[in-house]
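Take a look at the structures listed below.
The two complexes that follow have chain A in common; it is paired with chain B in the first and with chain C in the second.
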Partner chain A sequence: MLTFLGRRILSSAIPLLVVVLGVFFLARLTGDPANLYLPLSATQEMRDAFSAKHGFDDPLPAQFAEYLSQVARLDFGESLRTAQPAAEAVLRAFPATLQLAGITMLLAVAGAVVVGSLAARRPNSPADRIAGFLSSASASTPDFWFAIMGVLVFAVTLGWLPTSGTVGSAAWVLPVATLLIRPFGVLVQVVRGAMVTALSEPYIKVARAKGAGERRVLFRHALRNAGAPTLTVAGDLAVGLVNGAVVVETIFGWPGIGKLMIDSILQRDFAVLQAAVLLTSLTIFALNILIDICYALLDPRVRQGAMA
Partner chain B sequence: MNRHGTPGTSGAESTALEVRGLSVELRTPGGPVPVVRDVGFSVGAGQTLALLGESGCGKSMTAQAVAGLLDPVAEVVGGQVLLGGRDVLRLGPRERRGLAGPELAMVFQDALTALNPVHTVGSQLAEPFRIHERASRGAARERAVELMERVGIPEPGLRFRSYPHQFSGGMRQRLLIAMAVALRPSVLLADEPTTALDVTVQAQIMELLAELRRETRMALVLITHDLAVVAEQADQVAVMYSGTVVESGPVAEVFAAPRHPYTRGLLDSVPAGHARGTVLPSIEGAPPRPTAVPAGCAFRTRCPLARERCATHEPPLSATGPGRASACHYWKELADA
Partner chain C sequence: MMTRARTALAVAGAVLLAGGCTVANSGSAAGADTLQIVLPEEPPTLEPCDASLTATGRVVRSNITEPLAEREPETGKLEPKLATGWRQTSPTTWRFTLREGVTFHDGTAFDAKDAAFSVSRTLDSGIECNVDGYVFGDSEVTAKAADGSTLEVTTGKPDPILPLRLSFVEMVPTGTDTGSRVREPVGTGPYRIDTWNQGINLRLARYAGYWGKAPDYAAALYTWRAEGSVRAAMISSGEADIAVGLAPADGAGDHAVEYPNNETSYLRMDAGKPPLDDLRVRRAVNYAIDRKGLVASVFAGLGKPAGQLVPDGVTGYDPDIRAWPHSMKRARALIGEARADGVPVDTKITIIGRNGIYPKAAEAMEAVQHGLREAGLNVEVKMLDVNAWTEYLLRPFPEDAGPTLLQAQHGNQAGDAAFTMEQIYGSKGAQSSYGTPGLDRRIARAERAAGRDRQERFAEALAHQGEEVVRDAVLAHMKGIIALAPRVSYQPNPASGDEMRLAAVHPAD
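After this line comes the complex of A and B, so read on.
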């Protein structure tokens, strides 16, 4: 198990380096921060002094080498905008995103397991057809459209929910709902498909031959076997949620890492952007390792393969 | 005439399972397709009845209908399944589940896919006790270990925590049998229990089934296409063709003097008893698809005895002697030959 984890972590290091490299150079293509932070009337000397102060006048490879050596010392630089350490800004924003994504994923998986399992019990039954229709609609609704319509209907017209912010549980409804619709729809279909497959396996008949009731058959015998495909897709969707937070956090003014990233791109706040992307990437890699561990927990055959 | 004749039980034994006029249809987009037609048989306690037939003849479907394990596309459309005198087809799902295990159990063909890959064999073996006797985890575990020992799993205390993929095919089949006989059912349906196994292992599994049958005096319904297995293991045989029983009776008598041309054809196509170098006889043609069963006698298109009456009149399964029955208009010609 340990060598398995070690191998996973090692193989994750290379893509991580590529991400860091990409973000570093792409960010610098968005423009010169001096244009934003100095008045239009600033002289060339003032601009040069600004660049020299923040090290933007060094050749790019030298800047990158300096950046890497700083990261190795866990120094992520300072925000241009606030002069605070970038790491602090990022870590302050991160919990808001994690909470949002975590609650959404929990609701999506729990809801999809229940709806998908019930739909799979009798393929092509009315319940299955209704679940199929709703999940397709849910999976194909654009989230930004849903968010804007939600704000219009529930916040502006009806006044039931706030348009933005994080104060009170009502503020969570629209952001979570917006993030939820797509993963929920997709997961219902995945769970349904995996459950239909599992329920047609001979071991289900054996369980019934032992006198197992419907609930035992569904949740003890079939569901765990339907776990692997569900987990694969849920993992993918969870990664998407961390990324998708950008849209939702911008629309709802949610003080998370997505909003922080957008703000730091608009303000050429390279240090914060780089720190935010690095943390997001690390989260995604951690998530993937977590998923691999879950596979092993679900299926003893995977566990044995991982030990070997 | 005895259309719902229930040959099989020899007089002295008490009947454990009796099936009468059982019919099953598949629901297809093109309309219902009959796959089991008016099947009847019975088995006494401690006896073995073989349901013999080719793949697709409806023998597995019959067993699953009896056990209440048909897929949703298949439906029992008629008949009775009498278990201890009670028609289980008239019971509700809850009552039926109550019988699954303590009264009626089933062993399946492919033991690899019949065991749940994500649960330990121990927990799967303990399940009957947990479900039907509400046994505690510890008590169920003890019973499961005893069962593993009984069916010949070495080191059951250790192997209890193993998963199905860590066992050989023969061991998996033993586990499956252990699970089925856990609550000492009065009837055990075994659907091709040895088909997926090596020949040497096959013999061990058949021996285990025979031992358990003697020990618990359960009635065994052995579903197979293997004539040798029938000859060695069964007391009674019901030969199925195209969804229905065409001949039945005591194995020794039926094999010695078949009274249906299909049974005769099957027995003739066994290599033993034919000289080397001669062409092995076989039954011409192939069994009809369930959607295109010939009118009259289903076997007539392949039958050497067929004549006009066979196309218009379906021969009912009728008694031809004590404990024997045949569904052929001209069985006497076979008997006389």
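After this line comes the complex of A and C, so read on.
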């Protein structure tokens, strides 16, 4: 198991390094931050002084070496925009995204397991068709449209929910619902497909022949075997959410990492961008390892293959 | 196995919900005596010497901190604020008499030492103050306390508009950090900073020791939403009283209030490159643009066709300079004449546009492109993000580009054409792609003048540029939209986009 984990860590670490390198160099190709941070009428001397103060006039390799040495000391630099440590901004935003992503995935997986399993119980039954229609509609609904319509209907017209913000539990409903809709639709389809396959396997017939109840057959025997593909897709969807729910964060004013990253790209706030990318990359890296461990726990063939 | 899984699930849920509560409860509720304002973005800092930045200035200026004098946006007149008066004692020296009885939010008294410190901190501290670059440039300015209530300011060269420049310097107490920007400043304004939940909201509370008339609202709660339609929806749902920076498509409906916002949209022509180096072609560009149609259909009526870069209320504005009439016939004739004289009018001209510079920015450039093509020019549109666009706006310009028409917008917050002319029309201006010695001379003369003479000379320079140089195709003096809830009364003015004085907001009758 440890060898398996070691191999997975090594193979995930390479993309992590590529991402960090890419973000550092590509960001610096997109223009001079002095043009954004100084007024248009600033003199050339002011622009030169700005570049010198922030080290933007150094050769790129020297800037990268300085960045690596800072990271080694856990110093991620200072935001050009807010004059605060970049790590502070990122660590403030990241939990907000994680909470949103965590709750969304929990609800999406739980809902999809129930709906997908019930749909798979009798393929082509009315329940299956309704679930199929709803999951397709849900997976293909544009999130920005759903969010704006949600605001219009539930906040402006009915007055049941706040339009946006983070104050009060009701403020969670629209952001979570908007984030939930696509993963839920996709996962229902995956769970249903995997369950239909699992329910047609001989061991299910054996379980039924031995008198196992329908609930036990569904959720104990079939679901465990349908778990692997569900986990893979859920993992992918979770990675997307951790990477920042940009649309939801922008529309609902949610102070998360996605909005922070987009803002730091637009404003060439290199220190914040680099810190945000590094933290999300590390989290996704950890999430991938976790998914691999779960996969290995669920499927003995993966464990055996890894050990071989 | 099942029990363990359930327990794990329950624990995960509980942790997430508990975490959720940390975000959900990190705001603060607003009472009836709290004015709620929703902005497009969170202020990066509340640094007073960055008050010329819109995101900072609209919260800080005249709310948390105050300058010596304040420019009335409607009339352009300078009114006393922390200075009760000022006079020029020599061509390079000004004396300001300071108001007595003013205290900072920390209780300390405001005096001439604080004023001198504030000027010096803005200009010389090396903290990259936006006001320094925006208002002072390379001017030499020194300030000292002549006595407790008199500030003496000396300039390297005579500066007839020094009090106007100083109206951008917000007063802070001595001891304010000079090494880096402050996020939460101490000022003398009618409101002090109460709490700032970063990423969520900012609350200002009425300052009990304020020297002037107390504002109506006990507190102001700022929130921010990037999406305009959500800001507008917050007014409809009663979550906010004022929503700033809206576009016609945001759907504010009856809550929307239009106001002239000091911004003027224009196209800067690469007048040094063929075919735009030919005056006839530049005039043809102006004739080919249907400004009335553009304002009516693309800008949804939010603007007024314009012929000069400064709007009414700014020193130098000339009411006799009219927008170019739309005449495709004249445009075609001028292009034809130029073609006959060997001007390469078929050369591809690129419109460098900027996404989001104003609502429907891309559509506006497509409309312009259509008109210019109809006149016989070969035009394409390239829309860029702000940073890539800035490479074309500021010197040094990209060498391999051109000829270009640059989509731009200019806002003269300061109220004097000096803040427009040299940087945009001067031969060496940071944003100038072309100038002439004749225009440079006129600008320089105007900058040295004062009073009525200053107005006339700048008006003459603007007229000369519009008739003889024709470096630009000025499009429109723009309008902005804010949305107001029925419970508040506020009359927006041309400066409302850059500063919103909370004391000017009142409960509706």
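By our rule, the second predicted complex is superposed on the first by the 301 of 308 C-alpha atoms of A that agree within 3 Å, B and C clash if a C-alpha of one lies under 4 Å from a C-alpha of the other, contacts with A are read in each partner's own complex, and residues count from 1 in each chain.
Please note the rule applied: a contact is a pair of C-beta atoms (placed from the backbone, for glycine too) under 8 Å apart; a residue touches a chain by one contact, two chains touch by 3 or more.
Just so it is clear, the structure is predicted and the values come from calculations on it, not from any experiment.
K.L.:
For A:Ala171, is the partner it touches chain B (first), chain C (second), both, or none of the two (neither)?
P.N.:
Only chain C is touched by A:Ala171; chain B is not.
K.L.:
A:Val206 in the overlay: touching chain B, chain C, both, or neither? Say first, second, both or neither.
P.N.:
first
K.L.:
I'd like to know which partner A:Pro142 touches here: chain B for first, chain C for second, both or neither.
P.N.:
A:Pro142 contacts neither chain B nor chain C.
K.L.:
For chain A, which side has the bigger count of touched residues, chain B or chain C?
P.N.:
Of the two chains, more chain A residues are contacted by C.
K.L.:
Touching A:Gly6, do we find chain B (first), chain C (second), both, or neither?
P.N.:
A:Gly6: touches no partner chain.
K.L.:
Which partner does A:Pro15 reach: the first (chain B), the second (chain C), both, or neither?
P.N.:
neither
K.L.:
Where on chain A do the contacts from chain B and from chain C line up?
P.N.:
Of chain A, residues 220 contact chain B in one complex and chain C in the other.
K.L.:
Can you list the chain A residues touching chain B in their complex?
P.N.:
Listed in rising order, the residues of chain A that touch chain B are 122-123, 200-203, 205-213, 216, 220-221, 224-225, 227, 298-301, 304.
K.L.:
Using the touch definition up top, name the residues of chain B that touch chain A in the complex.
P.N.:
64, 67-69, 71-72, 97-102, 105-106, 108, 110, 113-120, 127-128, 131-132, 163, 165-166, 176, 179-180
K.L.:
For the complex, give me every residue of chain A touching chain C.
P.N.:
It comes out as residues 30-32, 35-43, 45-46, 49-50, 53, 81-84, 92-93, 95-96, 98-99, 102-103, 106, 110, 148, 151-152, 155-156, 159, 162-169, 171-172, 220, 250-253, 255, 259, 266, 268.
K.L.:
Quick one: in the complex, what on chain C touches chain A?
P.N.:
Within the complex, chain C touches chain A at residues 2, 9, 12-13, 16-17, 19-29, 44-45, 47, 52, 126, 128, 130, 132-134, 137-138, 180-181, 183, 198-201, 223-227, 229-230, 233-234, 236-237, 239, 385-388, 390-391, 393-394, 419, 423, 430-431.
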